[in-house]
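Two complexes, one shared chain (chain A), two partners (chain B, chain C).
Moving on to the complex of A and B:
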């Protein structure tokens, strides 16, 4: 375990020493502050739009951070040849992958804390009310969803040789799942066989990331979700993350490094 | 005494002209080099051993056939020896090191470090490895990098700082230990590499062209470090193209050509047997034919 933690520490250091996170955070802050300073149509409920835009920015930024950080981990280790002295030490490839996963996941968690704190502060200035449990649930489910995305990107980084190809594929797949996955079963109903079975199969196989999107809870000030439902959703996400990680370990163990 | 035959080649009467001690034709196909063989120490207590090691890189279809990078390599390096692993580019040196470090699997044969199969991660607990031309994590400082590697070796916390101080002093990076590696010169990066290879106080050091890209001062420093490790009784296995340097620091050498072991023995014995320097022997072994200058 100490090897995994050591590798993850380096990944976290990389995130806070690179400029990516700061750029995205500052961009989100600027967009939200500009939107917050404008009063459209003298609408009292304008704060909802502000919250929606701010949360959308947070979701986009977190996905950008998670995918770009993860996708470059193994390829850059190979390109810079840092993988060689690392694997020449008593560190297994599985430990390296798990360390990378943990590092990226924790780094994204830290980024989410910054984003949600800013969001909470911004929303509180307008609403003078802070539904802490809803924020906590939204952030937690968001983080679990990023775990699935990170594991998928890590797996992709071992399958696709170019990090750019992996990044693009990850973005396309994640966007597809977030936007369309929930409608796949309805689409399948209108299709003839065997396409119907294929689309149904896809519907049941892919991780439904949209389940982790509970932004509406915060935007509309709905009551929090039951914690056991949150727990089941977290387990569902972690199961998918584990499946991707196991696949990545199997691929990496067979890969010749030279 | 083992003998290894040279690959078939054209006999050229003018080959080696101008190379003292090597005037005359390059060896005919049937020429076989007498071997000084492994040292008794290596035979008794090998720290590093390969037996009939073969590595074949798989080709892609008919256009790119399979390529045998290492052919039945049998080597043994004893405790406390400084062993030079020589050969021209593409001879199979790095491939052999990659097998020893567990980066690639052997197609057949076996390799072990301290009697443990190289595929076991624990075999790498007591080794230090310096790869050729590596760029370390640019966003870390030398101190942070060494702390990270020391943690992987499970060096106790109390011991960690003392080791880091020691190796940084040894490679003369003490004044810039807090600076990020991205600000280092090439020579400094190579010295960071040497420091990370020494952080676990290894019993065996595997160095892949450690002086590659270094200026004369840097080379001298690496040579001093190797000499110092030798005096401390450490085993050093290193590949290099700097034959003068190899001659100076190595106890034994092996010359690899096209994946085959051609010559192995003590530097002094090989020089005596062949009545030539290591460089001349190297050129002879690889069948180098000097081109006449017009």
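Moving on to the complex of A and C:
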């Protein structure tokens, strides 16, 4: 376990040494402040449009950070030839992968803390109340979703030939799932066999990342989600993350690293 | 050794050709009707006619906000959402909705569907009735639809319903009468022949400013525009007939309130002819006739002449 934590520590240090997070965070702040300065019919209590824009920026930025950070982990170790010295130490390939995953996941968690703190402060300036439980649930589900994406990107970094290909494929797949996955069952019902079974099968196989997107609930001030529902969703996400990680470990064990 | 002059001459020839082509193309481009650069509006230059598509998207988004996020997608049954509810509830457009607005999602199809419904808005609410909080006394949340309506109007200034719907909510639930009037006047500048905007502006004067003279002038102007644009059509569609009934009924009731009974009767007869509930209008007519006979005005008053004044 100490090996995994040590590797993850290096990944976290890498994130805060790189400028990606700072640039994306400042960009989000600037966009939100500009949008917040717009006057709509002299009403300074209008806030939901601002919450929506802020959350959209947070989701895009977090996905960019998660995918780009994860996709380059193993390839850069190979390119820099630091993979051999790493594995020469008492560190197994599985531990290296788990360390990379944990590091990326924790780094994204830290980024989310900053983003959601900013979001909460922004919303509080106009709404004058702070639904902490709802924000906590949204951030937690968001973090679990990023766990699935990171595990998928890590798996992709071992399967695809280049980090750029992996990054592009990850973005396309994640966007497809977030936009369409919820509706695949309805689409399947209108298709003839065997396409119906194929689409319905796909619906059950893919990780439903959109389940973790509870932006509408916090934009429109819906009551907090029941904790048992949150727990089931989190378990669902962690199961997929574990499945991708195990697949990645199996691929990495058999992969020639020279 | 090859001469160094040849590449230079080719370069000069190419530059002359480019300059000549640009001069010729610029003349053609300036006179071309599809030239967006003639517009001073940045959005028009960037988006062209696709602005209208985005404008409609934002109008629908405002309705999604009106429902606190509970809204059908293109994959759901949209029968109960043919006319945006925020527009229908404002009384500025006729409704075409049917079906159950409470349950467009239907029963959960599988366990993922069932779980997902606990993680997104899945209950029908309206912001003017408290929204997600369910607090019926709190209707001020309707202000949240305004940014999207404003953007929709910026993108497509010729979409009349954006002005009328926004103005209704601004003055009725947000108490912003001046802003509503300003917005309607913006709409009227962009659409000078719009009877819908004139009618709504008349409501601002009648219901909020209690200036019945200006309200009457605006409604008469709206009626004249309606007759000019729509009356000649063989059977005006339901939405158009709805607005005619709205204009004429408001005029009739205003005249009755001011004691101009013959004029009120004249309007009521026209109202009855197009109303889906002629029996109810007949009761109004009998009421006015009773008032006329008791006031003894039937033989003395002449129908008031229209005094259409620029709104």
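The rule is short, and it goes like this: the second predicted complex is superposed on the first by the 253 of 258 C-alpha atoms of A that agree within 3 Å, B and C clash if a C-alpha of one lies under 4 Å from a C-alpha of the other, contacts with A are read in each partner's own complex, and residues count from 1 in each chain.
To be clear about the criterion, a contact is a pair of C-beta atoms (placed from the backbone, for glycine too) under 8 Å apart; a residue touches a chain by one contact, two chains touch by 3 or more.
All values reported here derive from a predicted model rather than from experimental measurement.
Room for both chain B and chain C is found when the two structures are superposed via chain A, with no clash between them.
In the superposition on chain A, A:46 makes contact with chain C only, while chain B stays out of contact range. By the touch criterion defined above, A:208 reaches chain C but does not reach chain B. In the overlay built on the shared chain, the residue A:221 is in contact with chain C alone; chain B does not reach it.
Once the two complexes are laid over each other on the shared chain, residue contacts for A:229 go to chain C alone; chain B is not touched. Of the two partner chains placed by the overlay, neither chain B nor chain C lies in contact with A:251. Rounded to the nearest 10, the angle at the Cα centre of chain A between the centres of chain B and chain C is 150 degrees. In the superposed model, A:92 makes contact with chain B only, not with chain C.
A simple residue count on chain A separates chain B from chain C, and the partner touching more is C. By the touch criterion defined above, A:3 lies against chain B but remains apart from chain C after alignment on the C-alpha atoms of chain A. With both structures placed on the common chain, the touch criterion links A:182 to chain C but leaves chain B unconnected. Nearest C-alpha atoms belonging to chain B and chain C sit 34 Å apart in the superposition, given in whole angstrom. No residue of chain A contacts both chain B in one complex and chain C in the other.
By the touch rule above, chain C contacts chain A in their complex via residues 65, 68-69, 73, 75-76, 109-110, 112-113, 115-116, 118-121, 131-133, 140, 143-144, 146-148, 150, 170, 174, 176, 179, 183.
Of all the residues in chain A, the ones that touch chain C in their complex are 38, 40-43, 45-49, 141, 182-183, 185-187, 189, 203-204, 208, 210-214, 216-217, 219-223, 225-226, 229, 232-233, 236.
Chain contact summary for the complex, chain B toward chain A: residues 94-95, 98, 101-105, 121-122, 124-125, 127, 129-131, 133-137, 139-140, 144, 148-149, 151-154, 180, 193, 196-197, 200, 206.
The touching residues of chain A, when paired with chain B in their complex, are 2-3, 6, 9-10, 13-14, 17-18, 80-82, 84-92, 256-258.
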